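Labels A, B and C are assigned to the chains in the order they are written; within every chain, residues are numbered from 1.
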Amino acid sequence: MVDAVRPEIGEATVAVLEDQGVKVEFPAAQTCCGQPAYNAGYRSEARAVAAHFLNVFDATSGPVVTPSGSCAAMVHHGFADLFGDDPAQLRRARAVAARTRELSQFLVHDLKVTNLGASFNGRITYHPSCHQLRGLGEGTAPLALLAQVAGAEVVPLAGAEECCGFGGLFSVKLPQVSGEMVARKTANIDASGAGVCVTCDAGCLMNIAGRLQREHKAARCAHLAEVLAGSVPA
Amino acid sequence: MTLNTRIELALHNPHLQRALDANYTRSQEKRNISMGALPDSALVRNRARAIRLEALRNLDQYLVQLETQLTARGGVVHWAANAQDASAVVARIAKAACSRLVAKSKSMVSEEIHLNKRLQADGFKVVETDLGEYILQLRNDVPSHIVAPAIHLTRADVAETFEEQLGLPAGVTPAQLATDIPLLTSMARTALRTVFIEAGVGVSGVNFAVADTGALCLVSNEGNGRLVTSLPRVHIALMGIERVVPTMADLEVLLRVLSRSATGQNITCYTSVVCGPRRAQEPDGPAELHLVLVDNGRAAMLGGELAEALLCIRCGACLNVCPVYREIGGHAYGSVYPGPIGALVTPALGGMREFGELAQASSLCGACQEVCPVRIDIPTMLIKTRTLHLAATGGAPVWNAGLKIWSWAMRAPWMYQLGLRVAAWGAALRATAGPLRLPGPLAGWTDHREFPRIASTSFRARWAARQRGQATKASAAAKRTDRWEF
Amino acid sequence: MGVLAAQVAAREEMLARLRRSLQAGSTLPPFEAVTAPPEPPAADRQQMLYEFETQLNILQGRTVRTPRAKLTDCIDGLLRERGVHTLLAWDAAHLPAAQLLQDLQAREFSIVAAQVPSREPARTQHLQSLGTAEAGITGVDGVIAQLGGLVLCGGAGRPRHASLLAPLHIALFTPQQLWPTLAAWLAAQSNAALFADSSSVTVIAGPSRTSDIERVLTLGVHGPKELIAVCIED
C-alpha cells in the first residue's frame, strides 16, 4: 500500500532511519506479508505469499523495519499460525519475526531514541491501529516520539482505541458498517481540534484520510514517519 | 432475511442506535472499574482460563463425576444428544409433573433448542420470568443481547405491551404508564409472582456445574432464578455440557470475573448454588431436581478448530466492546448467540455453511480478546471460521479468483511491479474523469470514502532511482503530479 | 426403546463422542502453568465490617448496627416504619439472637409457618399465605467483606422463602461471622458438610434489581426490594 499509494511514507521512513545512522536496504523482491488473504480466511494463498516474504527476508540480516504496525503483527503472530504444521518454515518464520519491528518500536526500543529533532507547527492527534495496539502491544512508542516533536501540540483523541473500521477486506465486504465506524473516527478527530491525525498503519491512513476527504473536512491524516521526517503534505 | 438486510435494518433504527451507543460507553466504564478493582485481575483471568481448559480437557470425566455426585444428593441427570432430544426430555418431565404451567428463568440453551415451541406444542403454558425476556415473550420478540435482552425496546414499547396484555392499573392513564418504569416493573412483579406460585415446573439454565459436589450455580440480579428453582415442585436445569468446573474453589474463581465482566458488579445480587432436591428436613425447595445435559454439537466442536470458544462463560463483555456489535446490535446476527462469541459458536454448533458468514461481521480489532475473562483468542478463531466457511461453501467466485490472482502476483515480483505500473498508468489516464468509483466487489469502499490515486512513481521506483543517483529529479517530479493530498 | 434404555444409550453415545473428540488431538490450547493470585492480607473485624458495609451499599443494601440489648427495639422499629405485621423467618435456633422472634410475637407480629407442604392444593395455598408476609428475618452463615455478600445455607429450620418472598429481608449477623473473601469462607467448609443437610447455598449481595427497561435501575422486581443487614454488637 505504501509502495503504490503513499510512497512518501516509504521515503520518510528511510529518511528517518538514515538520519539515525542506520544503513537501510530495500530488498527489491519483496511484495506483501500476505495479511489481506490471511484475514479473509484464504489460508493457502496467504501461506504462499508469506512463504515468499520469508524467502526474501530470510536472506537478509539485521532488523527488518516496517512502517506498518499490522504487517509487523502479521509477521509475529499470523506467520506462527500459518506455518504451525511445518516445523522448518516455522523456524524460519520465528527467526524473521524476532528481527521484525514496526518503525516506532525500532526507534524507541532498539535505537533508544525519542527525540529525532523533528518539528511540526500545529495540533496533532494520534490514532493507534488495532493491530499495533493489541497485536504488537505497542501503545506508547509513537506517543513518546510525538511528544518530542518541537512545536507540535499533541491533543488527545476521544475513542482513540476504537477501531477505525478498515479491517482489510471488511471495509468492502461490510462497507455500511465500516462507513459508520470511520465516520465516528473522523467526528472524533474533528472534535479533537487537531489539524493532522497521525497513525502508524497505511490501511488505517487510507481509510481515515478517504473519509476526511469525502466529508470535506480540513483535518488530514499523515503517517508518523512523515511527521518525524518533516514531510507531512501541506 | 440476509445478514446485510438485518444490518441495514439495525443501522436505520434510531432508538436501537442510541441504546447501543449508551451500552457501549456505560458497560465498558463499569467493567473497567470493577475489573480494575479486582486484586491481581490478570492472574485471576489466567487462572479462570486454566480452570476452564482443565474442565474441557477432561470433560467426559467431570460430567461423570457431576452425575455421580448430584445423583447421590437425590438429583436426576439426563443426557440429551441434540435439541430435539433435550426438548423431549423436558416435555416428558413436565408431563409427569402434572402441571400445565411452566415458569422459566434465563437459559440460552433453552432458546438454542427451541424449548418453548416444543412445550407449547405439547400443551404447556410457558412463562419467561426474567423481566426482559418476559417483555419479549409478550411481544413475540427475541433477545438482542446476552445480558440485556430487551435493550432494543423503549419504555413506551413496554407500556404498550403491558397495557394490552395485563390491563391498565386503576387510576393510571396510558401516557403516565408509558413513562413510569417503576410502575411497569411492579406490574410485572405482581403478574409473575402468581406464576412462580402456581407453576408446577420451574425451568432454569445453569451458569456453572461443579463436578466435585454435583452442585449447580445460577447467578441472577432479579431473583427470578431463585424463585424458579425454589418454589415449583419440580426444577429442571438445562445445561450445555461445557459449563462444568472441577471444584467449588474453581467456581469461586470464575464468580470473581463473571459479573465484573458482564455488568461491572463485583457480584450479582443472588448467587444460588443448589445441589439436589429439598432434603427431608428442609421446609421448602423443589421435591425433584432434574439436570439435562445438552450436547447439540458441543462434543463435536470440542474436537474441531473452534474448541477454544467452548471456554466461554457467557458474560457478554465481548459484545459490549465490539465496534461492529455497537453499530448493528444483536438481532443482526440472526442467532441466539450474537456478537463476537456468537460469530464463533453459532456456526460451530448450528452449521458452518449456514452461519459461517457471521465471521465477516468483524474488523478483527481484538477488543473482544482484551476483555474476555477467560482470554479466548476470538480474532484468530474468527479467521479460522472464515477459512472453514470458505471450505463449506466454496466461497464467492469473484473473491476466490481475485485472491488467487493477487497471491500469484505477490509471489512474482515482476508481476507485482507490472501490476503497479498498469495501475499507475490507468490512474493517470482517468485523472480528469472526476472522483474515482471502485468497481464490482470493491465498490463498498468508494460508497463511503474516497480512494487515493495510485502514485505515478512507486516507492520502489524511487528507491531504485535513488540507488542510481537520480533521487532529486524523481522525487521532485512525483511531488508535482500527485494532487490528491492524503 | 424404553425411556431408561434410551437414556443409557444417549449417555454412552455422548461420552463416546467426547472421548473421540478429546483423543483426536483437540485444538484446545496447550496446558498453561499459572501463578495463583496471592491471598489478600488479613484484615481486622472493624476493617472487614466497614468494607462489607461499603460494598453492600453499592448494590443498594443497607447495614444497621445495634447493641444486643437494643436488638428487639431496633427490629421492631424497622418493621413498624414499613407497616409490617406478618413475618417469614428462620427458626429461632438458627438466629444469632434466640429470643428475638418470641419478643416480636409478644409485640403483635405474627410469623407464618415455614413448612411448605409437598402436595397440592396445600402447597399452592401455603405459598399464597407466605406471599402475604411483608418481611423475612434470617440469620447468615457467613458475611463476605469483599463482596458485601451474605451467605445463607439451607437446612432444617432455614426456609429459602424467608430471604426471597417478602419485600423486606432482614439478615442478622455478628462481627464474628465476617470473612474477607468468599474463597476464604469456602475454604473453611467441607464439601460433604455443605450439602449433606442442605440443598442450597445462596450468596445475597443486595435487594433484587433490574435494568432491563431502557437500562434504568429498578429495585424489587422479583425478590425483596429492600435488604437490611443488622450487625449485633456484643
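To be clear about the criterion, contacts are C-beta pairs under 8 Å (C-beta built on N, C-alpha and C of every residue); 3 or more make two chains touch, one makes a residue touch a chain.
Keep in mind that what you see is a predicted model, and the values were worked out from it rather than measured.
Novice: Select the category (line, ring, star, complete, other) that matches the graph of chains linked by touching.
Specialist: Shape = line; chains linked end to end, path left open.
Novice: Taking mean CA positions as centres, which chain lies farthest from chain A?
Specialist: Farthest by centroid: C.
Novice: Nearest chain to the global Cα centroid?
Specialist: Nearest to the common C-alpha centre lies chain B.
Novice: Cα centroid separation between chain B and chain C, in whole Å?
Specialist: The separation of the two C-alpha centroids amounts to 30 Å.
Novice: If you average the Cα atoms of chain A and of chain B to get two centres, how far apart are those centres in Å?
Specialist: Measuring from centre to centre gives 31 Å for this pair.
Novice: What whole-number Å value describes the gap between the mean CA coordinates of chain A and chain C?
Specialist: Here the centre of chain C sits 53 Å away from the centre of chain A.
Novice: Quick check on the complex: what are the chain B residues that touch chain A?
Specialist: Interface residues on the chain B side: 4, 7-8, 11, 323-324, 327-328, 359-367, 369-370, 380, 383-390, 399-400, 403-404, 406-407, 409-411, 413, 416, 420, 423-424, 438, 441-445, 447-455, 457-464, 475, 478, 484-486.
Novice: In their shared complex, at which residues does chain A touch chain B?
Specialist: Those in contact with chain B are residues 2-7, 9-11, 14, 26, 28-32, 34, 36-43, 45-46, 48-49, 51-52, 77, 81, 130-131, 134-135, 161-163, 165-183, 205-207, 209-211, 213-214, 220-221, 233-234.
Novice: Across the complex, what residues on chain B touch chain C?
Specialist: It is residues 19, 22-23, 26, 39-40, 43-44, 46-47, 49-50, 53, 56-60, 63-64, 73, 78-81, 85, 92, 129-132, 135, 148-151, 153-155, 158, 181-182, 184-186, 188-189, 192-193, 196-198, 200, 212-215, 221-224, 226-227, 230-231, 233, 241, 248-249, 252-253, 255, 265-279, 281-285, 287, 289, 293, 295, 299-308, 377 of chain B that touch chain C.
Novice: Can you name the residues of chain C that touch chain B in the complex?
Specialist: Residue positions touching the partner: 3, 7, 10-11, 13-15, 17-22, 24, 26-29, 31-32, 34-38, 40, 55, 58-59, 114-116, 118, 120, 123-124, 127-128, 131, 146-149, 154-161, 164, 182-183, 186-187, 191, 194-195, 197-216, 218, 220-224.
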